[in-house]
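Note that the chains are named A, B, C, D, E and F in the order they appear, and that numbering of residues resets to 1 at the start of each chain.
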């Protein structure tokens, strides 16, 4: 196995974005071993509710059992492999395979085998043939799963990245309200390697230039002419990335002297503006003297390998599922405070949809760049030229309490977090 | 001319007027006269492209995610539509620079409702099929084939679009982006 | 109004009536109002989708396998059509469960024969083009583009389908099944 | 009948006449009555299919390579069109032997100019969309979707084609050949 | 080469349904070595008649020579490989290559080389450059061919499976009438591995549940409401499969006490009913006290690797041509007694077409299951889970005279025949 | 590496037309090492003019620098690989990458790096990160390039093939006028291996039979009924091919006794006829007693690997870009004397377009043959049958002055030039 990532010199081989064999290795060594984001509990509130999700290339079922537990099951019959659930979502007491009728309980157990007595002579060891069940962690409604039964648990996997992850969940008023996902998940297909969105999300502030057309139009929450992320909050001093896990946030090193101030952008909708004003009132009571975690820790990041999140403006999760070396299936969820009034939800939804997804004015340019960068990296000569990630090389520094085990990028614009992403990738592939 | 055919004729002229309007509209899109296209929308226009779910036969009413809080491909007003147009017109919206080629087809135009029932129609609800071909740079091709529902309101001798809903008949969107209009 | 345009108008209204009928029919299919769709067929209706052969230019008459014993994609009567509809409606016809999404387009509608020649037409023979898009589950897509010939019979103010022949313009069928209607 | 609708009707009949002409024309192509199809062209007909370039948004006028010396897909006269037809009819033009199957769709037909402005039109300029499906031998499929502009001249009760320009909306042609007509 | 088929434990690896390299091996070791079904003599009645067929992935020409012999020729010019015949069927004295005009006689001989004298200086060894001719067996109008010139002949290849094969040919009245194919062959493309239809055909009675929608509608020959296979005949006691060859029938072990009785289903068409009644009259005279072979031996089966046949209700042959690891091109023929009256042929044709093929109400559900089972077996985790074929494992028994060398499945519903299919597959791949 | 080309016996394996791995080797060993045709200087007359071209599978930019030099740059940003130029042609002072805004001068130098001072700390070695620049030769307006920086220069690469190449450039009147390309390049995709057009172009006179339909119609410059190449000039006695380089012309051995005579075909257009008559007048003065080079040296040929040219009737260049083992992207330029009157250009353009390209009556049949020969060569049995190139085997002879180092084909119709093409292919692959 040649070395694809040159840590010292800040170079990454183009092969890893286009090669079939490397892609196959990634499925085994990354997508079968890491914790992957599956969905949000608010998508399956009731026992029997299910949501058809993915882990890497594979279909899984996220389902809430009669015991209230969320489980994740491989969506492939143990008899001849047929997909046992073919709906996007719903409620069911059982999953019955259309092919020969084996049926599985909500916990994956094989509970029905037609002709068990006569055709099977009562001999099939049914206990061995449940749907493959992933190891699951339901952390505050965020459902994660992995096929790595012996590896680190979810909290080890997350390490100190957890506080960044949790900043996405933090209610707007700093209270104890819940987050919920808007109904429905955008799913679409982009002809790029899945690592482009990963690198973008862990910390590519440098590509802001590609969004100049968005800024010219002004699509932010403040209405026409306002900047796309909104204009609230502080800009972080540096990004944070965790070499041991490959996770990272586009913020994290906050100005210690920054005092809490009203952190939300202006909203052109009076109801939304008023609700945020009121939420901030409550925040100053709930957490006196504190800044919101998402304001301190950055507006988004990447949880290795492929969970891209945005804590605010917009508030959304995107999982970049690999679907071939040069194809990615993107899944995007939009998130709101559960207790937001209906019309505020409507207003922020409209903003989310004009920012993100295949119809999003911002995301469209990203996908164009990722896909043409992928194509242009395929050629025999192009493949010989590694990507350059020397921006800020050698300028990262160790993080400080309360963030342990991470590196600060040294500046707001730097490729040191991207290098953490690729170094982690190399570590896993080298195994 | 009999009364029947008089009536038929009136219906025919109405459908013709809508068909012509739609054909002229799609000429504007394919000729990229986007500002002119935008002008066809009413100021209170709503432009929706919903997600579509895989559901059981007996839950077909859940197929189209048309709930007001449902995630959608588009949930636009005239204002956001105009932002999309302006972005393309900056000349630095890379997803549409160089500009994609397109051909927009509209067929099966039907008037499904009109108001008032008699006399010159002031608003009509229509259903049609659309096929949109996009070809970009060297070899990128997307094909969209769907059902479109429009509500039109009389504007002088012609129409303006008040509501448009486009059913792309896809679940996973088989395109990298939606920089085009339907 | 001159006699010529009177005659033109009559032809136009006839074509309009057929076009409307076909558009309404395809709305039923795309909205999966299959029982209503079935009701448009005459009781003695015949629905044929022939195989098509690769033949020499000077044997083009052998191209369409329309012989009464020829293997075909469909050689249906109203009764078998209704079986197809009922099967989908069971909700356990896995090839259509979850139901596929579709968009049916009809274009180039022409009246190629009418009877009687003058006065209100009782039967018409028509030729049109169809394009049927099917999208299923996540990423399954089929596209059918073909020529369709119909014989319609007057039924009150509208029509019923007496004969339908669909030329899919394929030799090896490029789809795993034909659970849809044309 | 009001003057307005009288005028509308006249426009309608004109569009109808052109639509019928185009539909009948495409029947000839799909039925491979190529000599009859050729006869629809005026003796001085010009048939052009230009290359299309990827250009900047502010140089859109350079997109279609319509210059008289520009390389093109087709720059035909009636004479070269007839050579194409004759070649297919030899039965040994291997690129079309066995003959390909096709379905030609025409939609969005619009009259964009007419002359004279009033009274029976002698020439009309039209714009429409076309979709051409080609299926060859076992599994070869090509799909063309484009914009077509025609100039028609009155010929007795019908029309003849004087100028046809087809925009295939492709840059790299996504087909191995262009043995078909649009 | 790892072992993909675990005979003892009744497990089959999912790899063999999705892997590119295994697929390539199959072409060499199975489709280049086994006897394959090409077509029926009634498709090429006259000298010079030809029918464009397939062997595995490759195009071949079935052609009747001037000597009346049916031959099978590889449809690829020996000069530069061009397809020399591009029509589906027809009559010709010669096949002339469109590229440079080499021409071949009906027996494949290279009979015309333009410019042989000057350009070739008369030196080309034309005898070496005929179209590659397969080894052919025309058994009672059924044309079979193989590229294996040194291997077993057709009758060795078939062994005692021949009687099952021949039961398909048996005239309805047990006389000496001929069978013919209806004009035209359905050809269509299914995104599944070719072994799914093979396994289905050799003996998957277990999947009847997937056809419940058909039975709810009732599409049988008895008319609306009648069961899809018709309601005549006896149900076999067990299936039969031949470990040495991989062939098998979905019947074969008949109840020895079953006495001959009217074996046809009810037909809703009076002419068809009457014709069958009369045929049975003749049968009782032609073969007094005998049951029709197809009634004794089962309503269908699979001749390894990919010839799926149905003896009756419907009477049809389907060849599952491999077209990539996850694509199969299906070819289906429909068969009738040659001497059936025209209107009876019409009636059974209508029944055949509503049962089988891409428009067939029954076959549609099979293809849905095969294709989604194929897809769901591709993933990195799914591939690790072998298919379970333990149904009836260890319960098969040796067949009895007059069927030698086979195994009875032990019960009507069992996976022992499917295991015979996969074991034979493994034997050939292991070579 | 097995031997794919059997020189002695005149056989070429079908594998090399369909195999993925061989295709990959070709990209490395042929398309990264040979001189490739990029475009014509008349396409980029002014400084800053650019034309997006290809080398093998890869996009390159042909651009004229401020110094008037034509350069060829790999169209892939050195940062993350994005295509920096996405227009077909135009004029620009700079190429700015849409992704992060790196910008490159017309000579490929990296001239702009946003945030160089802060984000890069001034440390990026910008001199190392220009667009990859190919080695270029601008020979009389014909722009050639190679990635082989240490190999032979363009004139070594061409050897004595140069006179054939230059015959295409020769003005019609034998004077010193220039050639120009008509605006626009036809680009289209053919499902065949790229070597089919190469072999065709180096010397397949044998396939004339495939064009019988063209001759039946008569599409030549003489108008309806006239032969497709026109009826002027002499037919060469033999073809010429260079074993050391793989180049070749479909002529070259001219009848030494042939005296110069009016070499142009009849033109149905009076203006075109008159212009050619006048040009010949000038020719007899410019080059008394001489035949035009293109009349002596053949009407076309192939410059290894993939530059197919036609000197006259029509006058055109086609580059067969590999785009996968069984896909070729064809690019065709049409050429005229710059000083041809407008209406003469129009007339010959019409002729060019009815002859060549996807709409060309002649080329259509070639592409049909190439594509179905490619498909029919894929099968497991077909692959075992090598192509036969024995036509004229052993009858080639050494060329004579003024053509050194070549072989004459021995006759007008022969496969000896094709064997030179494949032998050269084997030499490069064997390296």
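We adopt the following convention: a contact is a pair of C-beta atoms (placed from the backbone, for glycine too) under 8 Å apart; a residue touches a chain by one contact, two chains touch by 3 or more.
Because the structure is predicted, anything quoted here is derived from the model rather than measured.
Colleague: Taking contact as defined at the start, I'd like the list of chains shared as neighbours by subunit B and subunit E.
Modeller: Looking at subunit E and subunit B together, the chains touching each of them are A, C, D, F.
Colleague: Repeat of A-B among D-E, D-F or B-F, where over half of the residue-numbered contact pairs coincide, is which pair?
Modeller: Of the listed options, the interface copy of A-B is D-F.
Colleague: When I count C-beta pairs in contact, which pair ends up with more: D-E or C-D?
Modeller: By the number of C-beta pairs in contact, the winner is C-D.
Colleague: Could you state the distance in Å from the CA-based centre of subunit A to that of subunit D?
Modeller: Distance between chain centres: 50 Å.
Colleague: Which whole number of Å gives the spacing of the CA centres of subunit C and subunit E?
Modeller: 33
Colleague: At least two partner chains per residue is the criterion; list those residues in subunit A.
Modeller: Touching at least two other chains: 86-87, 98, 187, 189, 210, 365, 368-369.
Colleague: Give the residues of subunit B that touch two or more other chains, as numbers and ranges in rising order.
Modeller: As it turns out, subunit B has residues touching two or more other chains at 1, 9, 12, 54-56, 92, 94, 96-98, 105, 107, 131, 137-139, 143, 171-172, 174.
Colleague: What graph shape do the protein chains here make by touch: line, ring, star, complete or other?
Modeller: Graph shape here is other: it fits none of the named patterns.
Colleague: Chain pairs in touch?
Modeller: The list of touching pairs comes to A-B, A-C, A-E, A-F, B-C, B-D, B-F, C-D, C-E, D-E, D-F, E-F.
Colleague: Report the residues of subunit E in contact with subunit D in the complex, numbered from low to high.
Modeller: On the subunit E side, the touching residues are 86-87, 98, 187, 189.
Colleague: In their shared complex, at which residues does subunit D touch subunit C?
Modeller: 1, 9-10, 12-13, 16-17, 20, 22-24, 26-27, 30, 32, 88-89, 91, 96-99, 101-107, 131, 133, 135, 137-139, 141, 143
Colleague: Given the complex with subunit D, which residues does subunit C contribute to the contact?
Modeller: 1, 5, 8-9, 12, 15, 52, 54-58, 60, 63, 105, 107-110, 127, 129, 131, 143, 145-147, 167, 169-172, 174
Colleague: Within the complex, which stretch of subunit B touches subunit F?
Modeller: Listed in rising order, the residues are 92, 94, 97-98, 137-139.
Colleague: List the residues on subunit F that touch subunit D in their complex, please.
Modeller: 52, 86-90, 182-191, 210, 212-214, 216-219, 224, 329, 332-334, 342, 345-346, 349-350, 353-354, 357-359, 361, 363-365, 367-369, 371
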